[in-house]
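Each of the next two complexes has chain A plus one more chain, namely chain B in the first and chain C in the second.
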Partner chain A sequence: MQTPVQFRLNDEERAEFVDSGARLLGLLRDKVGVTSPKSGCQQGTCGCCTVLIDGAPYLSCLVLAETCAGKSIETVEGLAKGTAYHPLQLAFMEHFAAQCGYCTSGMLMAAKALLDRNANPTRADVIDAICGNVCRCTGYQPIIEAILAAAKRGVARTA
Partner chain B sequence: MRIRKELFADERRDDFREVGVGRQRADALGHVTARSQYYDDRRIAGMLHMKLVRSPHHHARIRAIDMSAAERLPGVKRIITAKDVPNNLYTVLALINVGIPDEPALAFDKVRYKGEPIVAVVADSERAACEAVARVRVDYDPLAAVFDVEDALKSGAPLVNEYHGRNTFNYEGRDHQRVRFGDVERAFAQADHVIEERYQMSPIEHAPTEPQGCIAVPADDHRITCYTNTQALFFSLDVTAMILKVSPDKLHFIGGTVGGGFGGKVDTLVEPLCILGAMLTNRPVRLAFSREEEMQAGPPRGAERIFIKDGVMKDGRIVARYMRIYEDSGAYSRLSPYGAVKAAAHCPGPYSIPNVFCDAYCVYTNRTPSTAMRGFGVTASDFAIEVQMDKLARLVGMNPFEFRILNAYRDGDTKAHRKKTEGAALIECVLAAADLANVPIADSYRTMSSRQGGGAAPGAMPATPPARPQPGVQRPAAGDRLASIFGERRR
Partner chain C sequence: MPLAVKTFDKLRDVASALGADAGARYLGGGTLLVRAVNEGDVGVTTLVRATDRGLREIRPSGLRTSLGAAVTMAEVAAHPDLRFLASVARSIGGPAIRNMATVGGNLFAPYPFGDFSVALIALGATVAVHSGASARDVPVEDFLGSTDRHNRTLVSGVAFRRPDAEKNFRFLKVSRTRPKGPSVLSIAAHLTMSGTRVSSARIAYGAMAPTAMRAKAVEAALTGKTLDEAGIAAALAVALNGCAPQTDAYASEWYRREVLPVHLRRLLLG
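Entry: the complex of A and B
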């Protein structure tokens, strides 16, 4: 059975039919063609599929697509405005926080959720914010440095 | 980071423009904007999905395979078994004439590890493929399994891989790779202390965040395009051509952006079956490992067991080193014969020891076939050797830094495998590490260097027989071919 779902995706209205039991990750990647959330484990353990739903970080592989009706979803595709990159994107580039890049989308969204609610996070806050996101390349330190640098640069809360 | 330009200043040019300079990755912008395209970010019209029936047993005979229920399932396009694979039995190092075919792309008479693929199902959705896989009935006759390298070498152990006839890889007629230098037995008899220790590495899973997979697309030029996350694009292309018995120019591999590998994505486990599926259906086919498959059937680092026996004098000079190395290859060869060669070639570590003996075995067990991971072979050897060095230093009551400096190789020293040492820098590294760790080093050691005759020990070794080539000494052809194909520099 298919259910119609209306939602906002990176500030644009969307409507899709979804299979019952379909998850948000599949809706975004296979139906909408938004491929920044990655399918690293399909079981809520790696964090590569992290997106924001109404500003809070969620593992899209565990979210039923139907439950997103009326919600606002943010992904990496919505971070930059043209070539005006988000401070987190700039900091990730400058601090070598992306190596293979596969965890980067989830890291960026988890970090954005943090900075949107806390513009001056401590190192412990940053570690707590990305504790659900696995990175197998960097050893995490460059990612933590990048998020702290982005915070220092001053991140205005995005509406 | 600081570059110690004062070291070896006369041996190199000093016009670094990149070393020590921070540079952004070429793909950084793609990664932070999510425009970097991983293989699975492509959705191709008409794409089918492949899933694999895998063995729940570590070791079992296959009596029968019943696919009738799976074939009747709506959405199933094709079911592939061993008989559909043109050259089902292969070994990856056949590309460089090392080893014998010992692994089936799809198992037919026997399964030798848990998770081994037996049947490939192609269906029009991932869900239909999964349901069909669940409906394939395989009738097994479980066999005794062996999971320990030393157990596998005992008489009466289950024979894991019939193609080898025994549970070891064949190195030019021997069941092990060997290094012989001097006379360790005589040196042990003269040493002040002799100690033997056992070391065990774990079979570490690389666990890249992106599981292995690929998408194969029949192209309009009679080729197959394969988007893949292999770490070794042309190696995987050649392995695929070998298994499918097609000319390599019929395959077009597109890779580049890989979501982590660390050695775990060189075994070419997805491309041959996926491309075969595309050839048999003339449709695009996707084969993506689940996380469970990546963990269970994806290859880990081979677990090495290493025994080291050393003879050391009261003054700290090591006079003999004996190593026995068992590389756990799992059920099939893949790259492990090369790993064992590397482990042997690394013996006795970066030290000048006048008497060296090493036997390295590549052993078959019913564990998941192992593969490359971050210096495999050498990493395990180094782990064992360096822990052993600390134990030896404690035994003779020396500072472990000074102990290493004393025994370090110098330029010009002949190593156990008969190559002259060049470009040595161990002493300088140990000194730098000691300074960073605030470990005091006596002036007599601080003045030593890695240059030829750089103060010290090797020339003044006690009266053991001079190193001379023994009849059994090998510069194995297989090892050399392996080393050259993988671009290793042995030093």
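Entry: the complex of A and C
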């Protein structure tokens, strides 16, 4: 059985039919073609599939698609405005915060959730914000530095 | 095979749906159940959801507080009347998990998870268990050890008396990974003080037995004592009474026994 679901995705209205019990991650990647949320562990452990739902971070591998009706969903595809990268994306590049890149989408969205509500985070705030996102390449320090650098630029004022 | 999803407003309809279908499970935040489905648990065929607003309410009433089963860890951590529980809620997963994981779901979390339940035992909480149209309140430690704690049980919320003073509720969680990870162990203590002496204590452990447990020997040994090295010595001597920890990827049974008294001492000395 399929269920109609209407939601906002990166500021655009969308309407899709989803299979009963389908997860949001599958809807985004396989139906809508938004592939920045990655399928990692599917257990809620790695954070690669992190998206924002109504501004808060969620693990899209564990969210039923049909529960997103009426919600606003944000992914990395919505970060850049035209050709202008989001300050977090620029900071990740400048601080070498991505190596293999598999965790990067989740890291960016977890970081955006933090900076949207706390424009001046401490290092501890940043660590808490990304503590549900696993990175096996960087050792986390470049990611933490990038998020702090984006905050210093005033990401909340420019985003 | 696609999963069936059934959504009801009334709890009695949810209870009926759970009772009528052996493959039906109640869906809270999804951090346990959808994870199981993703892992290939073919025993789950139907997810049952409830939209009853009462499940999401935090209701302080005098010194007593009730939490709906669907209240999330993030909501607990942010609520001004629940500051004493904020460290417990924040110890559970990262921000995304805390936005999803619920108070009710934590009661069903398998070993070594379920740290919020440890706090609930220390608070002497009761669990509202629904079967059919009736509901009954069960002490949380009884609920955790009973056959009620199975997949088709419907829990609508928990209730407890708030500590008289924030500093009289203490919580500690030990993890291998920083800053967050599954428990090597956790300890919650609710102390009632009479001057400098403990007039009563409720102590609970996580990951020291198959489910969160109450440390009654420690409670008895603390009563009437002061919270200093001499006062807590008897409590530390019986700290492992009733414990049956397991060996898993996070710690061995031996290690958990070795470090529990160390952390209990730190918690009690503040």
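Quick note on the criterion: the second predicted complex is superposed on the first by the 156 of 159 C-alpha atoms of A that agree within 3 Å, B and C clash if a C-alpha of one lies under 4 Å from a C-alpha of the other, contacts with A are read in each partner's own complex, and residues count from 1 in each chain.
Everything that follows uses one rule, which is that contacts are C-beta pairs under 8 Å (C-beta built on N, C-alpha and C of every residue); 3 or more make two chains touch, one makes a residue touch a chain.
Nothing here was measured: the structure is a model prediction, and the numbers come from that model.
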{"item": "Touching partner for A:Tyr85 - first (chain B), second (chain C), both, neither", "value": "first"}
{"item": "Which of chain B and chain C A:Gln99 touches, first, second, both or neither", "value": "first"}
{"item": "First, second, both or neither for A:Gln43, with chain B first and chain C second", "value": "both"}
{"item": "Which superposed partner A:Tyr140 touches (first chain B, second chain C, both, neither)", "value": "neither"}
{"item": "Partner chain in contact with A:Ala110 - chain B first, chain C second, else both or neither", "value": "second"}
{"item": "Doubly contacted chain A residues - partners chain C and chain B", "value": "42-43"}
{"item": "Chain A residues touching chain C - in the complex, by the definition given at the top", "value": "1, 3, 19-23, 42-44, 47, 50, 56-59, 61-64, 66-67, 110, 113-114, 127-133"}
{"item": "Interfacial residue positions of chain C with respect to chain A in the complex", "value": "2-5, 27, 29-31, 34-35, 37-39, 47, 49, 74, 90, 93-97, 99-100, 179-180"}
{"item": "Touch list for chain A against partner chain B, complex", "value": "29-30, 33, 35-36, 38-43, 45-46, 48, 75-77, 79-80, 85, 88-89, 92-94, 96, 98-105, 108, 134-137"}
{"item": "Chain A-touching residues of chain B, taken from the complex the two chains share", "value": "22, 24-25, 27-34, 36-38, 40-41, 43, 206-211, 257-262, 288, 290-291"}
